[in-house]
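Read the structure below first, then the notes.
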Amino acid sequence: MAIRPSKWSFSVENFQTPADSVIPLDLTKIIAFDAVREREHGSSAACEATFRKWAGTALLLSHEKNRDLIPNNRKGLVGMKHTVKVILGAAALGMAASAASAATLDDVKAKGFVQCGVNTALAGFSAPNDKGEWTGFDVDLCRAVAAAIFGDPTKVKFTPTNAKERFTALQSGEIDLLSRNTTWTLSRDTSLGFNFAGVNYYDGQGFMINAKKLPGVNSALQLSGASICVQTGTTTELNLADYFKANNLEYNPVVFEKLEEVNAAYDSGRCDAYTTDQSGLYSIRLTLAAPDDHVVLPEIISKEPLGPAVRQGDDQWMDIVKWTLYAMVLAEEAGITQANVEEMKNSPNPDIKRILGQEADSKLGTDLGLSNDWVVNIIKGVGNYGESFERNIGQGSPLKIARGLNALWTKGGLQYAMPIR
Amino acid sequence: MQEHDLSYVRAEMVNAQAAPLGERGLVRWLRINLFATPADTVMTVIGLIVLALVLPPLINWLFISAQWTGPDRSVCATVSQGGAQPDGWSGACWAFVNAKFEQFMVGRYTISERWRVWLVAIMFVALLVPLMIPRIPYKGLNAIVLFGVFPIIAFVLLVGGVFGLPYVETQLWGGLMVTLVLSFVGIAVSLPLGIVLALGRRSKLPVVKMVCVIFIEAIRGVPLVTVLFMASVMLPLFLPAGMTFDKFLRALIGVAMFASAYMAEVIRGGLQAIPKGQYEGADSLGLSYWQKTGLIILPQALKLVIPGIVNTFIGLFKDTSLVYIIGMFDLLGIVRQNFADAAWASAQTPMSGLVFSGFVFWLFCFGMSRYSIYMERRLDTGHKR
Amino acid sequence: MASQDVAGRADSSLASYFNDPKIRGIVYQVLLFVALVFFIYWVVGNTVENLRRSNISSGFAFLNGRSGFDISQSLISFSSDSRYSRALVVGLLNTLLVAGVGIVTASIIGFIVGIGRLSRNWLIRKLCMVYVEVFRNIPPLLVIFFWYFGVISVLPAPRDSIALGIPLGFETSYGFYGLDYFLSFGSYLNNRGFFLPKTMWGEGAWLIAAAIVVAIAMVWFVARKARQRQEATGQQFPVFWTSVALIIGLPLLAFALAGFPLTLEFPTASTFNLVGGFQVKPEFLALYLALSFYTAAFIAEIVRAGILGVNKGQTEASYALGLRSGQALRLVIIPQAMRIIIPPLTSQYLNLTKNSSLAIAIGYPDLVAIGGTILNQTGQSIEIVAIWMVVYLGLSLATSAFMNWFNAKMALVER
């Protein structure tokens, strides 16, 4: 019922102030607002907070009444807008896209939490547990970012998104960070206006079958004539069509909008095989009635580097997410764990000291816009990459996914973090 | 004196005899209602066979073999499926519904804040029940509280963010609560909007009429799914950059728009049924358009179309289940989502969940339709032919 | 004084100018129109800007792109190399298919149940009432889920398919009775759908098609002649049986003349599925059954109301004329009830067509589901939603037009 009490409430409200005109038609106004808002963030964080509280509740009032409710200092800003608008008008036209998304960090700090887009339900990666708390490998990354910023991994809110909504949610600013097994592709990097902050899981599309019902099948090439369950609107659906076409095989697609529906259909025996990213297959296998009956076939038919995505045009925010991921990987490399992070602070090893921000007058953390003990906070909050992996999807979890490509580079995998120095 | 010697004449009255077996009691009822003609007998036999085939397994599944409590899926799965039940067992898994009941009612609403939902529910029932029972006085006050004050209190309580109540995102809302909120707000918005559209459609001003006709017919001509898609996918595109609506609000807009168009047609039916003399009478009294409409026409028209309004409401109540398609979890959606819960996944879970949600929907809709029939009879002032 | 008067008169003329309903109406309309134009301009402006920002080009050019996905059920040939436009046509045809078949089935069930609710037979009456009250009061989506997850999903896997046919014997605990032979229809039911033998027409099959056309023409002619004769002389002619004989007999004759040019292709088991034959997909089956059963409940109520709407005297009069109850229903009651039934029936047919869009929940590739997939892939939301709207509006208008025509035709019968 409420217009989201986020930073946007502000522009919604001002957008309709009578002084501007009943129905603003001029695009430059919108842009000017964005540009001004960006400047205001620094000065009016406190005011913003009270403003936001009000914005969440006063929706039943008309906008004119709302205007009276604006704190006095805010009214000044509204006035300022009109003068600035004229000056900025033309110049701001070109920076519209970036202006809308800039200064995510300030925004996050002001509202006091990170809004993170995750999968609706993918066991091991992101799914609510019995208490309704979100857990999983992708969720851990969100928590790590929250820990790096606030020193508290719980200062994060989750928006479950499906395949279709995830991009609009990020574009519109509904979420600050998308950590939802999203494949890094050129078109998503460019035309959709995102940046990928790294790869937290190297994946590929595979097939799963019920080995009990189909004992003879041990390769995807034997699936000719099979009914195959696939989620619609994903690259998976297209890869599937391409793979069967390339191999001259017949198949019968059974498509659904939602992951849960595909799972249910596969489990009920509607299809012979299930195709999605292999990590997803392992996760879905768990939710089936008899997980041990199902096997994942060896073929990988696509490259799916999955990683967290942020909006284009905010390099600082991108850096924070990127280096949070790297810090987790580096911590594993250096042997820093959730359990020993406090001891490690006193380690004589200069590498570890540098990572944990224990070097005298280190500026590594503050340069990133965070505190110097940001890595300590991350590791305390969620552990290192390996710990998070094992706890959520590895041997410590029911999924039991092997590290494989996701092992550290020193152990024959692809996980290689840039050095913190 | 006359001798009564005629032996073939009865001396005393015969006692009244019971009607023949075929003409009384159960047998008569059976004969008339079930075996009146050979064709009837055949139909009865077919009906009985159908009942015999359907009822015993149904009752067995629903009650006798059903599992009422249990910690997880093992009580609802057979041994070969990794559970505790003997192979070949089939019964409802009420344990699943039992374990998830609270979730089915309020979704993933913050647990520590759920008292707020219960409070709203209690207030709603406490306000609605007296309004529905004709004998209880203070109807006007009651209605004002229910439609004027209650929505504000409910809004504050459910959303929070003021008076020290923590803010609960609509993301977390779900279950029956979403179904009820969507349908009640939908109907509350669509009733005035529908009246305006209906009046507009009957207006003599061509532009007003055209706009209303286009809106009504365009919405009525397309399925709700596409209207919801439009609200969820296209609404953000129509708004200036940076201005976003809550997903819940978007669904609400879609539902309200859809309901308004249907409501407008129902009300138009009522307006058309008002005799022309009423309009002319009002005009001759010198009433303005709004006075005429508000004081003479609408009160009569609305009373006429109460069944239609209730039907629209029932339709809306059922149609809210479609928000599942745009990724929100109303009662049906949340039941459906819980099929995927590994702790409860079994062959019986989907059917049990569906039967439960079906029963809840049925209870509401059936109750409403019965109440509307009752009201229709009460309000019937005998204008019908 | 005088000047005041003039001023006062000017005032009142101005006031009357404002109070003139005609002028006020025009003012209101102009205001509304201007507001509307501004609103549309605002929305369009925002949309253009938003599209530009997210790098989506508008227009229908994307329809020529390669779809890249496959569709499970298609009435026309379709592969991943086909264009988006063809995918949409496939979706539209699937919508029309399920709506068309659903309307026929729903009408049949609805009429039976509706008449059943007025039956003298208590049991039948109550059964029909339970049916109507159950299906009317639950959401259609739930009915679809019920058929899909509750019924079709629990059918056996392909290798344990249920073979349809008539067993000529039965097994008891004491042994086997009857012939140890199964009269199979070559049809199978499993959780992948319904498998029927496919008819493969050989050379000379056109003769049969031609015979059917000729038979229909002859039936029409016979019916007309018979009616003319009845009106002229009062003598009846057994039109029904003649028609049956013509429609079955002529094609059979042609079939024999052409040398039986028909082979049946039976579904056979393979590694994963039954292959060959004619397959009805479970998604279609679930949607079709759900829409039929759901809508039938509403049609039953309409039929009941229609029949009750016919004056009781009509029934009594027809009994007095010696008509049996079936005849009275068919010849007297139903034709009059149809006048009441048709308008609401039209809106039920429209509802069924619109409800077919719920296909998306179980993955039946109808227009909305396929449009949704394309929307996901191309991001052309406005164009896709516009196509949906236009198509459904078109279907609605076409159905209304047809039913209005039918209604007008029925209304002529009225005397």
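The letters A, B and C name the chains in turn, as written, and every chain counts its residues from 1.
Definition applied: a residue touches a chain if its C-beta (ideal position, glycine included) is under 8 Å from a C-beta of that chain, and two chains touch if they have at least 3 such contacts.
Treat the numbers as computed from the prediction; the structure is a model and nothing was measured.
Colleague: Farthest from chain C by Cα centre, which chain is it? Let me know.
Modeller: Between chain C and the rest, the longest centre separation is with A.
Colleague: Mean of the CA atoms for each chain, then the mean for all of them together: which chain is nearest?
Modeller: So the chain sitting closest to the middle is B.
Colleague: Quick check: which two chains are joined by the most contacting C-beta pairs?
Modeller: So the pair of chains linked by the most contacts is B-C.
Colleague: Please work out the Cα centroid separation of chain A and chain B, and write it as a whole number of Å.
Modeller: Centres of chain A and chain B (C-alpha means) sit 39 Å apart.
Colleague: Per the centroid of Cα atoms for each chain, what is the distance between chain B and chain C, given in Å?
Modeller: Distance between chain centres, rounded to whole Å: 25 Å.
Colleague: How many angstrom lie between the CA centroids of chain A and chain C, rounded to a whole number?
Modeller: Whole-Å distance between the two chain centres: 44.
Colleague: Among the residues of chain A, which ones contact at least 2 other chains?
Modeller: 30, 96, 257, 264
Colleague: If you look at chain B, which of its residues touch at least two other chains?
Modeller: Within chain B, the residues that touch at least two other chains are 233, 236, 240-241, 325, 336, 339, 347, 350.
Colleague: By residue number and range, which residues of chain C touch two or more other chains?
Modeller: Within chain C, residues 49, 53, 149, 153-154, 360-361, 372, 375 contact more than one other chain.
Colleague: Tell me, which parts of chain C touch chain B in their complex?
Modeller: 21, 25, 28-29, 32-33, 36, 43, 46-47, 49-51, 53, 119-124, 127, 133-134, 136-142, 145-146, 149-150, 153-154, 354-358, 360-361, 368, 372, 375, 381-382, 385, 388-389, 392-393, 396-397
Colleague: Once bound in the complex, which stretches of chain B touch chain C?
Modeller: 32-34, 36, 40, 43-44, 47-48, 50-51, 204-208, 211, 217-218, 220-226, 229-230, 233-234, 236-241, 289, 314, 318-319, 321-322, 324-325, 332, 336, 339, 347, 350-351, 354, 357-358, 361-362, 365-366, 369
Colleague: Within their complex, state which residues of chain A touch chain C.
Modeller: So the residues of chain A in touch with chain C come to 22-25, 27, 30, 96-97, 163-164, 171, 191-193, 213-214, 216-217, 222-227, 232-234, 237-238, 240-242, 244-245, 251-257, 261, 264-265, 268-270, 272.
Colleague: For the complex, which residues does chain B have touching chain A?
Modeller: 77, 81-82, 108, 110-111, 152, 155-156, 159, 161-162, 167, 169-172, 181, 185, 233, 236, 240-246, 248-249, 252, 325, 327, 336-337, 339-343, 345-347, 350
Colleague: Looking at the complex, which residues from chain C come into contact with chain A?
Modeller: 38-39, 41-42, 45, 49, 53-55, 68-72, 79-81, 149, 153-154, 157, 191-192, 270-273, 275, 282-283, 360-363, 365, 369, 372-373, 375-377
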